[in-house]
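All chains are identified by letter, namely A, B and C, in their written order; residue positions are counted from 1 within each chain.
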Amino acid sequence: MTLPPTAVLRGAQAAAARMADRDTPFVFDDWYVAAFAEEVGPHLLARRLLGRRVVLYRDTAGAVVALDDRCPHRSMPLSAGRLDGDTVVCGYHGMRFNAQGDCIDVPSQPQCPKHVGVRAYPVVERGPVVWIWMGDPAAADLSRLPPQPWLESPDWETSQGFLTLHGSYVRLHENLLDLTHLTFLHEKSIGTPDYAKAPFESVIGDGRFALLRDVVPTTLPPVWADPTGLKGQGQAARIVRSEFLGPGLHEVSVAFYDCHLPADQRRTFHIRTAHMPTPETATTTHYFIVHGRDFAQHDAAMTRTMHDQLFQAFHEDVVGLALQEEALAGTPPDELYEFSIAADAPAVAMRRYLKDRAR
Amino acid sequence: MTLPPTAVLRGAQAAAARMADRDTPFVFDDWYVAAFAEEVGPHLLARRLLGRRVVLYRDTAGAVVALDDRCPHRSMPLSAGRLDGDTVVCGYHGMRFNAQGDCIDVPSQPQCPKHVGVRAYPVVERGPVVWIWMGDPAAADLSRLPPQPWLESPDWETSQGFLTLHGSYVRLHENLLDLTHLTFLHEKSIGTPDYAKAPFESVIGDGRFALLRDVVPTTLPPVWADPTGLKGQGQAARIVRSEFLGPGLHEVSVAFYDCHLPADQRRTFHIRTAHMPTPETATTTHYFIVHGRDFAQHDAAMTRTMHDQLFQAFHEDVVGLALQEEALAGTPPDELYEFSIAADAPAVAMRRYLKDRAR
Amino acid sequence: MTLPPTAVLRGAQAAAARMADRDTPFVFDDWYVAAFAEEVGPHLLARRLLGRRVVLYRDTAGAVVALDDRCPHRSMPLSAGRLDGDTVVCGYHGMRFNAQGDCIDVPSQPQCPKHVGVRAYPVVERGPVVWIWMGDPAAADLSRLPPQPWLESPDWETSQGFLTLHGSYVRLHENLLDLTHLTFLHEKSIGTPDYAKAPFESVIGDGRFALLRDVVPTTLPPVWADPTGLKGQGQAARIVRSEFLGPGLHEVSVAFYDCHLPADQRRTFHIRTAHMPTPETATTTHYFIVHGRDFAQHDAAMTRTMHDQLFQAFHEDVVGLALQEEALAGTPPDELYEFSIAADAPAVAMRRYLKDRAR
């Protein structure tokens, strides 16, 4: 075949035009991970978030501060200066800023001009991560930050990591909302051949989008078969919920159990992964990840093993999404189209939602 | 002097505007080398050709297949998937495509949508190379592919090689159509001081452009003096025909003989080079080369020596053309002009032809 | 705080719009350093100056020649050819140009076309540097080149060096016109804590802009305390004049003396630095520097020590200005603003002057 009929192609392009993609403006009025909590201390940390240059530090009381990383005098990055107590001193001409971003000293003159300063961003520290609100500070709304008690619960054993994605955060959310790809992209890590053909259900809510998939019976890959003891061929149920909870948060929850035992006799094992993408630029993404389990607690060797194997899979995503981005960028716009299938329904709805919110 | 008079400059710019250059659209409706035949096997080979991303493979019957290298579902390069018999399976969600480019399976659902697929390109394998037609498949016209029987003849000893040119294919054709530059650019390899001043004749045909040059008498450089025995000062004739045969093919044919012997007593030695540039992007070119001779057959050491010395010269072209491209790109457009001389006549006509065909 | 009130922000942006910056066209009608004299010899030297590609060489009489570095036939850089006596031979098809830039030979034909050639630039050699006039040659005006007799005087011991600045020459001039930054950017090299708060005076003339600063009493950093013997705490006066003398020249003159001795009993030590930025592109600058002193003459070890310590400081400028350029480029234009303070008065006037001249 050559290209699809023009009507089909234009229809696909019209559908795509309603969905967010790398060209869609960022959704500023929401929470994104700025850093892992352990990264932020009494020192200056520069990071680009949603296209903006931000400097982060912890003040003397331990609170996280996030300021625009550009001195408004002559544009030197504040992160190239130094932290002096709760204040930042620019490394060029010594302008000093407090934690609210106000300029409070200009060394070469006795008076400090009024109305000079940098933007200070609302931040919230929750367990292992620091969330930042890059939009209108007056609109900063904690109710937009879904509770994730498991991240701070002693019943859950967690590990965390960071990847740089050379692709749009939109496509990472899309990737997570249809795990059909476990069978192919993750064939050698966490996927199994039956995954792609398992029945699924779409959940399309108001800003929440999920795909639920029951793979029953299935054979678990070693990373979960070993610690759960569910090692038999076709012994296990693998019940998966992938859910978009906001532009900065996607959670994957999985339950495993012996599908040959009655419900009242079996133990259910849970794993959960918080995927927290923060756009750096339109085509690069900070990819923060915290993974947890409610079994094999206090087993550091198991934590290490699961972490390594899962991050191998997340690395496969990052490699694949970068290839996708290259192919998208390398296709003449008038020839670019994508067709969607049934399993894309939550992702299509999610991308329309992001596009609507970007307006 | 400073710039030429405005009228002269504008005249040169008007002349240049009628000639193809790196900004001119590609000529899609013609044949270009996609790969050497030996590169294509039962595995996926990704290559950018005329700006398009193509994946090549050989099917189970040994035929070469060329498809667009982008899954129309979510834009993963097909070359990142796997070849399964005659079909390609996308490495993201497992969509399967046959050798005609049709999507024939979507694993996550029972039915495969209609009208979904990727472009399949006509290909023709001839001797050492695979030719591809990137334009309208219905217009694929074998009569546009000039026969080159010497490439498959046992009387010719050949060797082949590949260079990446950081320049436009247009300028490579231009380079080949006036070999005056042998005296300067190839001063240390295959050029001689008398080459630039030898008489020449232009041939300007319908889509064929040639420059013929008789360098008689001349002294051959060692690369040809040694195998032909024409080692004397001023002993040789060097009769050269450089011919543009299409946007993807230029052939240089050279005859050497002892110019002091009568025609019926002398032996004539021939060499021939197929220069096959395939645009990768507007400013980068895949440069495929096959060189042959009708003497010193079955002499592998001679083949090696000639190959090495000729590729040294072709490397000089590639280096020079990249410098030319940098200078073109680095000159303000309103100051950019080039003047043409008599030896440029075939190249100017060729560039006008490419410009006309690009429309 | 967040952003300043809109009126303040728009006011700052309006002020900035009147000042030169990296987007402002270059000032062509003035003198810039093309090279150190010792770099130019009987060989071809390619350099980009004010965005133009220039080739420099010394003719057989020792005079410096500067030509456009692009053959007007087929755009090969002339610097890729060879120097033959006073003429340049293009390395592609052998066109020959004399020191005036006229094409005087085309090897492949008996006649050389008229009106073909390249631009030749006026150059003036003065002591250690070669100055070039990139604008209208008819307007080349030596009176625009301020005399700097100390550069050729036996009473001054000098050393020279070169840095590549990844930033605009405009911001380098700005940097030099307010040395408040010595206390911060050069805290570890040539700055002292009291420098930023010392009184200063602005001088705003017709194309000349200066800031004068008397740091009295002060403690000299070792680089000057050692050779002058002014090693005591608060023993020294440090009298500094930073002056913009043209787009290609800024001079910093400093006097040191014992501030506790009466004027008629003290010795005054002088240092002087010619900062000579030549734009390469809008965001990269060739930074030529000659430093001199009128004491410790013929002391090569002292020259080495001072050179190393000063170039450490100049390197700090180059690093800082590159960070500034990144922050400027990385800020959305509608949010970009800078506020100026009293010490910026000469720099603001200088940037307005450059903007006016660019028109």
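By our rule, a contact is a pair of C-beta atoms (placed from the backbone, for glycine too) under 8 Å apart; a residue touches a chain by one contact, two chains touch by 3 or more.
No experiment lies behind these values; they were computed from the predicted model shown.
A.B. asks: Given that chain A is a copy of chain C, what angle of rotation, in degrees and a multiple of 5, matches their CA positions?
C.D. replies: About 120 degrees of rotation relates the two copies.
A.B. asks: Copies chain B, chain C: same or different interface, half of numbers shared as the threshold?
C.D. replies: On the two sides of the chain C and chain B interface, the residue numbers are mostly different, under half being shared.
A.B. asks: With centres defined as the mean C-alpha position, give me the chain B-chain C separation in Å.
C.D. replies: Spacing between the chain centres: roughly 47 Å.
A.B. asks: Specify, in ascending order, the residues of chain A that touch 2 or more different other chains.
C.D. replies: Within chain A, no residue touches at least two other chains.
A.B. asks: Using the touch definition from the top, list the residues of chain A that touch chain C in their complex.
C.D. replies: Touch list, chain A to chain C: 48, 51, 53, 69-70, 72-77, 80-81, 89-94, 100-102, 106-109, 113, 115-120, 137.
A.B. asks: Please name which positions on chain B make contact with chain C in the complex.
C.D. replies: It comes out as residues 1-5, 8, 174, 178, 180-181, 183-185, 196-197, 200, 320, 323-324, 326-328, 330-332, 336-343.
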